[in-house]
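Here it is, the structure in full.
Note that the chains take the letters A, B, C, D, E and F in the order they are written out, and that residue 1 is the start of every chain.
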């Protein structure tokens, strides 16, 4: 039995609220258990310098936590004057994941900025960010379609992300909360598509290692969790879900 | 008649939600019209270097906006690697205002960190931050009382803040939304106590000036607005309101 | 009686020396008591990016203190690698104040850079900077007229600035020296025009508050001080004074 | 057939030169094909602040490239004034990997600094860094044993790292050179121990995805490569190899 | 004949004003032709970390230019967020030069901070800084003697500095003004003691070289100039001059 | 007799290895005793902003040390986020020295980047950098000739650099190793051409001074050392040596 009474293959409660704030083209508040992330998608009418004059778009992500999203208050990265290695890793991961299922040629020379701001953290903030950001991005692209700026949805497939891990006594578990994460021997983030293909796999044994057999069990748990998360994304998107992957 | 149908001495709709996130000692979401600010108060068991060994506490504030709190997306200050002059002005103002009504000797060598994070902006974010932060701070100090850490509420008086200004055709108005603020000739932020004393007065004629008579009208409007704002603070605080200013 | 023998409504000795250094278009050394500030005005033949292609000019100010302008040596901001919040507040204030009385359309796509460098500090450095910078700016614009670059003086009115405050035993006083400033309950900076209109009003109760009645007395003192300061500006400007506000 | 004539499961030529420079406790030049990395291990007699007073040691890694290690010259990170996200990711990865096989309690309050400086790059610099750094670290710890500072080798197992990927026409391949890496659909870095346990698994589909079956083939290739790399490490370490994992 | 009518071995007009500002322990305004530098010496009751617990003192120098000390306005180093290579070179040079003639053991664990702020530049600002800073430092140490903090003057000898160079048509010249400096083939800064010993010699052929014979002529010119500069230092110091080098 | 058995006018062993790494246009590993520096020359098809549209080229140098090039590990400048004053001085010196013997008009609007990376330090790293960088630069320019990009070698003369100094008991010595350098009273870096003209002369008495007679002896030693160093450069360059200085 896990701390919060879940079985080893059970996700926490999920809630995806759309149109959370009024300015962004796509705005989502995703809650996975006590982890809450505002995911905003903004369309900018230009691309970064290294992408110019290629007729293609770009997707860039930024990630941040409110100082008191966590149990202990953290110093703001703006006050420190630099972004931490952890933050950079996460924002590179979010951007890469979303780009893997978007046809950048179809969005023209535009950037879709993804801002993931964690207002409350309880483990799994990066995977919640990806899962929520996917929804915000789809809404933002739909707005471009409605405005006649692009013709069809440039997203090929759904993606969602979750964490799996090996816990001291409970073995392999799905969707770790902070308490579980801080004690786990092995921590793995998995990003998969609705077609059950991997987009990204990051498994780490912090002061520990893991076997091939453990890896197989972890990937089965991730598969189950991601299938459920994609159902929640579809529900949140309503009719927009049908545009994704359309020929 | 103003853009949103208000009279010149009318505040926007106000909502103060307490216990907004779970980790901070005091957590508030304040909405003033479409301006929404998360105000978190955190207690840290030490003071900044310049305050050490004086047996007194400190109140420090930080302010930030989500990149897409505004109509156009702003670059994060953490990405730019420095905090803007505007942000610094605002966080210095919030800290100074709150310190003016707290007996720092009563909180011991502790810092009360105030984090104001604007998730949606429509004018008046600094005054909303002060009004909301006051409530979060009172809740945080009350928690210290409940835990037996301090004996009595160290807050002497209520304070709240609002903006007043001179608009092109409408003259003096109370609580400017973004559209009004961007067109105003004169912009003034007023912070007052429940005893109708001034804590801070910042009036600016951007490419314009203002007369003594206009100043008087602006201060009357501010007085009316702040009286109402303090009523909302009291309601949000419930029983805690009675601890403030107690002998 | 005040520390230095002044009455409560008396300014310190004022001296404004023009043509202080040879390179700037306008160069002034202003002394107000022991506060000495070099105010240089430089004309640059371009505007900042956000002002381009509007056919208008800009006025930008920077403020700094020599490390040993004060009783204790301060670390240089260039060594610290960043400008403090206090410095940013002051330079934004100086720029805003000067822009309020200049017709930016008349100076073309040029920037008037104002550099205020405090070589000796004894309170009131920001108000002395504004008062001195006004003179340096007028001289610089006059040079543009002499060179045939612009046709008429773009300054509409005189402005000057002073500080007023509430002192522990003496009550309301004008033009605080450092010793008075460090003990004052209330500190207010006032910037006014020769027409007795306000440009900026910044009153702060540091761990204190102030009443409407006190505000009225402070504004009367400021009015008297600024009237005298403008007389000194006129004397320093000689014939140039008559160009200001000319139709 | 691959560009350089290798079969799909063939590593490039490997050379590990020990005692490369004279100052470090452990100094190695590792060459894997045309990729050359200087891996230095330095012992510092203190630990970072967050590890103090726990009686344990720490392993920290830094990674850098000479500006012209690559075909196009890169701007130095010291000139840019900040370390890139990519560099941070790599140095966090190297440190985490090495810590996973070291008993930090046995090294006392010391830091083993690992510096990986790429002098020539041709793909796989991060995996070469880990493989070489392991050897440098073992030599440095052996020096501590020789000096009587610690009693036994704190390393429990060998680890090495390699890259595998999916290439456009050739399918799954082992140890990608730069040309192969830049064209690969899927890129995976694998760190394994001599006991065939995983330490870290990072698989990324850049604008592509990969199936469970592909994952299995990639892991088999990695297993073969890492087994060979560990043989090279043993040869380079000579007698020191027998101390690793001793009870 | 030189631009300003001087002979090749003639210094510009020199003026050294002491007690220029009121706060520093030693404060000097040195004018060499149109080059004007405020040189302040401040005593701090501690030494930098690398000098602690050695019972010795330290002399540290900082150098800066007002933005409009030059014909074209320069951007402040505090705004740029970093100190230029040129500034660093100069402040290291000033500190090293002054330390060469001071017995650091005699000043105890104190730092003598030297601040050289150029308010008007016309060539030779670094040599004027050294020459003026020497005087400010002697006055500051004398104040420590007067206060009974140290027993005797810790300065062993006088030093002063000047520039010499090779000009296109005029050959070797002494004390180059800005116009001469910008055209010179060879530029040399010489720091010498009253005993005619060298403290520092920095000769540079910018896109040119110089012969042994030219070097000899340049050193003779420097010798003559420095002898005169030391006379001016003595005059400025009055009675304090006799304490320097006393047994 | 010196520590390592050399006579006072004897250089350490010198080895210049060309084509050290494969990517740069010119790549050299220079060893002078135990000092080892990788000197890479890279051609970039543009010039820095201040050189644009003049039809001329530029030579820019950067210098760095591996963290453990020295006996104690140094913190990376990229981690500190800024380049030290010492590094800036050295890279400015290397660039200036090389530019003094190159006809920048002949290389077109190109930058020759010189990267000097010290992998092992034992004194004299800046002079070894210059001596090695000259060779790398000549090879890089020769490659431009081979590719038909430029017509003739733009280098007018050979230059090399060495250090000389005054040691406590041994008097004037040539080519100081780290141990000698750290004890020397006087330290002088000399850069000379094959025509025995000076390019740069930097003599410093660290807490000491030196006489005119000592200067003469030091310059004789430098002359002897540089003559030998240029012989080594010629040998390393092979046939390319004859292109230098050709009409």
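Just so it is clear, contacts are C-beta pairs under 8 Å (C-beta built on N, C-alpha and C of every residue); 3 or more make two chains touch, one makes a residue touch a chain.
Worth saying up front: this structure is predicted, and the values here are computed from it rather than measured.
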Any chain that touches chain D and chain A: none
Distance from the mean Cα position of chain E to that of chain D, given in whole angstrom: 52
Euclidean distance of C-alpha centroids - chain C vs chain E, Å: 33
Residue numbers of chain E (touch at least two other chains): 81-82
Sequence of chains encountered when the ring is traversed from chain D in the direction of chain F: D, F, E, C, B, A
Interface residues, chain B side, partner chain C - complex: 82-83, 85-86, 88-89, 91-92, 96, 99-101, 104, 157, 188, 193, 195-212, 215, 219
Contact set on chain A toward chain B in their complex: 21-24, 27, 34, 36, 38, 40, 42, 44, 62, 64, 66-71, 73, 76-83, 87, 113, 115, 117, 119-120
